[in-house]
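For reference, chains read A, B, C and D in written order, and residue numbers begin at 1 within each chain.
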Amino acid sequence: MPAVVERAMDAGTIATWMALSDAAFRAERDHLVQLDAAVGDGDHGTTMARGFDAVVRALAAEAGAPPGRLLTLAGQTLVSTMGGASGPLWGTALRRAGRALGDGPGFEAPQLVRALEAALAGVVELGGARLGDKTMVDALAPAVAALQGAVERGEPLAAALRAATAAAEEGVRATVPMQARKGRASYLGERSVGHQDAGATSAALVIRALEQAVDR
Amino acid sequence: MASAASPMRKLLNRPEQVVTESLAGLAAAHGDLLRYEPASQIVVRVDAPLPGKVALVSGGGSGHEPLHAGYVGRGMLDAACPGAVFTSPVPDQVLAATRAVHGGAGVVHVVKNYTGDVMNFRLAAEEAADDGIEVASVLIDDDVAVRDSLYTAGRRGVGATVLAEKIAGAAADRGHDLAAVAGFARRVNQRARSFGVALSSCVPPAAGRPLFDLPEGQMEVGIGIHGEPGRRRALLGSAGEIAGLLVGAVLEDLAPRAGSEVLAFVNGMGGTPQLELYLLYGEVERRLRAAGLRCARNLVGSYITSLEMAGASLTVLVLDDELTALWDAPVHTPALRWGV
Amino acid sequence: MASAASPMRKLLNRPEQVVTESLAGLAAAHGDLLRYEPASQIVVRVDAPLPGKVALVSGGGSGHEPLHAGYVGRGMLDAACPGAVFTSPVPDQVLAATRAVHGGAGVVHVVKNYTGDVMNFRLAAEEAADDGIEVASVLIDDDVAVRDSLYTAGRRGVGATVLAEKIAGAAADRGHDLAAVAGFARRVNQRARSFGVALSSCVPPAAGRPLFDLPEGQMEVGIGIHGEPGRRRALLGSAGEIAGLLVGAVLEDLAPRAGSEVLAFVNGMGGTPQLELYLLYGEVERRLRAAGLRCARNLVGSYITSLEMAGASLTVLVLDDELTALWDAPVHTPALRWGV
Amino acid sequence: MPAVVERAMDAGTIATWMALSDAAFRAERDHLVQLDAAVGDGDHGTTMARGFDAVVRALAAEAGAPPGRLLTLAGQTLVSTMGGASGPLWGTALRRAGRALGDGPGFEAPQLVRALEAALAGVVELGGARLGDKTMVDALAPAVAALQGAVERGEPLAAALRAATAAAEEGVRATVPMQARKGRASYLGERSVGHQDAGATSAALVIRALEQAVDR
């Protein structure tokens, strides 16, 4: 493996990740509402924006806490402020990721991979969705796989995260032709085909925010 | 009126305050029955907790009024946890409500079967259990428009929720224990089925525009209560044809014994006035009678809604003597009141 | 659904049958309270006539449901005469109703002040007098949007109608005589004022299209209950601004003594859901309190409507001990029920 | 006065008048609804159509009755089937006209004039509207005046009725700039200006139907 010297990640990385996620959801709020309106109930954008706004506020009061602790707190905040299907799912994802990071002051690529794997596992465990069910899993799972593969191959983390973002966005596009089997869109049966999943779109935003946070 | 034009035909201040301000208004109007706790965004029966009484907690996204906060009071809910519009409440609300009403005899959670409601209530129930509060969760899933299969999130909870909350609330008022009260709610769910149609879309305040476009002269068939499109779109039929559709869908799944006594609940989605709801009830009642059923009880009005959506749903509950007696028992809430 | 597309978002069969079919449905749902007599198109309390009790009859165009047929029952109306949508009933209906409920103690006609209502009720009252039935007519004209002058048909009867029917109905139930019952209805009218806004138009079934075009972001100010445009059009304000407008208009005309106890009635026009009505009530209650009034009683809901119009009206009634006691007295009708 | 020989009018004239009115309201129903919708409640066309439809049915059962009796019955039928402001007003108008015609089997121009004068008087007495209040009176009053003048001047009845129709229609047009002082449109204050009155429009239709009935 080539020994690439990477800047260590720390609490600032997490804070930046959350801040960039917040900015993304602010910007994409109405688009996500529209996506959810087409085959759901039109609240997804507002819910995500409310949650990450609360996370940024909560983290601001936690100067000095280790990154794992910040991520756990972010997850708890999402559970307590979002509601809907996304609240418990995203809350669980970040809490699990936070716990996986542990108590250290910094973390490196392999730990980040394990954290995201834990996040994905949490979502699948709680929501029961599989690949192809037209949910956030369809973006999150390929992203985690791409990251894990790239890091294992020893690629620089920035490149690995670029690959993860690309995989997430590819996963988002792949939801369009799917018929939903989980969540509200599944009520529509065949009418859910032809629409991009809102939750998957959000997952790609969160992965891209991570890529940007690490890149800084 | 100097304020900027709003794209909605709604009485509100800022979209993100609709729910909290409406709850404050509800409490201002019905301070004899309930109080609103802004910190935890819950509505609690004014005299809660009642020692020794099983307590009922329900909740869900807002936009379905009077469900659930309008059913807090004597003989129905002890507390309601309203989320943002069409967004399940967070576990913190449910936990706060559960703690506020627990009178030592346990708490029933009436949960409509939506992914978000189920997960948020489950998280709260786990925490309540950690507190030593016994919680019995009852899942309501009466909507026959959705098939319960591996390919869906399962049937939605709709009209039966109102009936279950009324009947289980009466059981708790009569002193039944936790298992019995939960049992009555489950019995209602087992014996009730619903089906609905939309004649218009609705505008969630935060979205600011209709969730879907429905041209005049068409309807959405097999809708839920979240402004989502239905299973299919069809030409808008006459009230008679729509009654036939509703009764047919409900009875096909419910398959009640001929001669059964039923409660027929014709529910407005929020924007359909009483003139039409009673007309529809007449059509429904005739068809239920023709199917050999007797409408021993009925409920006609907008009791579980989808904001200002035009449309209606039918819920049929097969009664038995116990259910009828509990339905008739006194209830005193903002939205349902009799016998007191 | 094979039928031709309807241009309306309504549950009905044929427009000309809406009223009669809806009344039949009402009677099917509430056979314990009332009966519908199709030949004369009236709705009569099931146990009428009550010997020795003063009877109350009201009526008007349909499209205002639950007014009036939804208020037939114990402690309110003895009969209702619903005309076609937005069309005053004919004298034959009023006469038939008057005869059907006369229990020997005379009949109060509660008449909203519209040219058509006044003339048709007057013709019926004259014929009833020929029959030897003593009739006391009470005119309701509480809408401050219209100035009572030589240049108008006079103030319209709106929200106070519901309050007058409840309170006078309770007085009759308690055994007051004709003059006293009519006197209570007049007292309500004297002490109540109303004002309303529309956020949308409405579609009379026979017209098949909205009565007026109201662009999004605008509202009609000073509307009645017949889907007519208001006194003026304005930018749609926030709920707070609208509450200020309603409270201001009502209090300016009513000029209640500071410290008065009032009944605040926030009424939906048919298409505005409870979420918004309670939000508006909160805004109204705060302003009435700031004006030194105490909302000792309230009523929030769609009780006198204009089909499916979006919007709301405020009625403020200055209470006294007698009016409060009569308001609290038991009532059992399809649309208002308490104490029984 | 020139002695013009006119065909005597009889029960058939009344029946034809009512049938032509009915046909006119059927044809103009939606237009009248629209006119009433602009400054009222949109029921006027339906109300008039319902009333005259009932009149035609009622009269069909009255073969052999004298014209005055038919007109009285027509008025009673309108009262019993129309409702609204128009029901009592039109009902009173035709009842008064019928009574003015008396019990004879036929009637001539002067009697017709007196009948229409009685009709107008009945409307004014019941409704209290004056010229310029933007009501049916603004069409009916000029029509009656024109008819009365022409008949008094000895013009043939057909011509006199043409003049009456013209006056009625001129009266209808004159309602456009008026601000309503009676009826529902008065609630609108100045906003009632610029709209043609529905009730006046109906009055002109009834006068034109009379002209056509006599012309047959």
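Here are a few things to note about the model shown:
Here, a residue touches a chain if its C-beta (ideal position, glycine included) is under 8 Å from a C-beta of that chain, and two chains touch if they have at least 3 such contacts.
These numbers come from a predicted model, not from an experiment.
A separation of 55 Å divides the Cα centre of subunit A from that of subunit C. Distance between chain centres (mean CA atoms), subunit A to subunit B: 33 Å. Contact topology of the protein chains: linear, an open path with no closing contact.
The set of touching chain pairs reads A-B, B-C, C-D, using the touch definition from the header. Within the complex, the subunit C residues that touch subunit D are 61, 83-92, 114-116, 119-120, 123, 145-146, 150-153, 156, 204, 206-207, 211-212, 224, 226-232. Those residues of subunit A that touch subunit B in the complex are listed here as 33-34, 37-43, 46-47, 50, 79-89, 126-127, 179, 181-184, 186-189, 191. Within the complex formed with subunit B, the subunit C residues making contact are 1-14, 18-19, 21-26, 28-29, 62-63, 65-66, 70, 199-200, 216-219, 234-242, 245, 270-283, 285-286, 295, 298, 300, 302, 305, 307-308, 310, 312, 335, 337-340.
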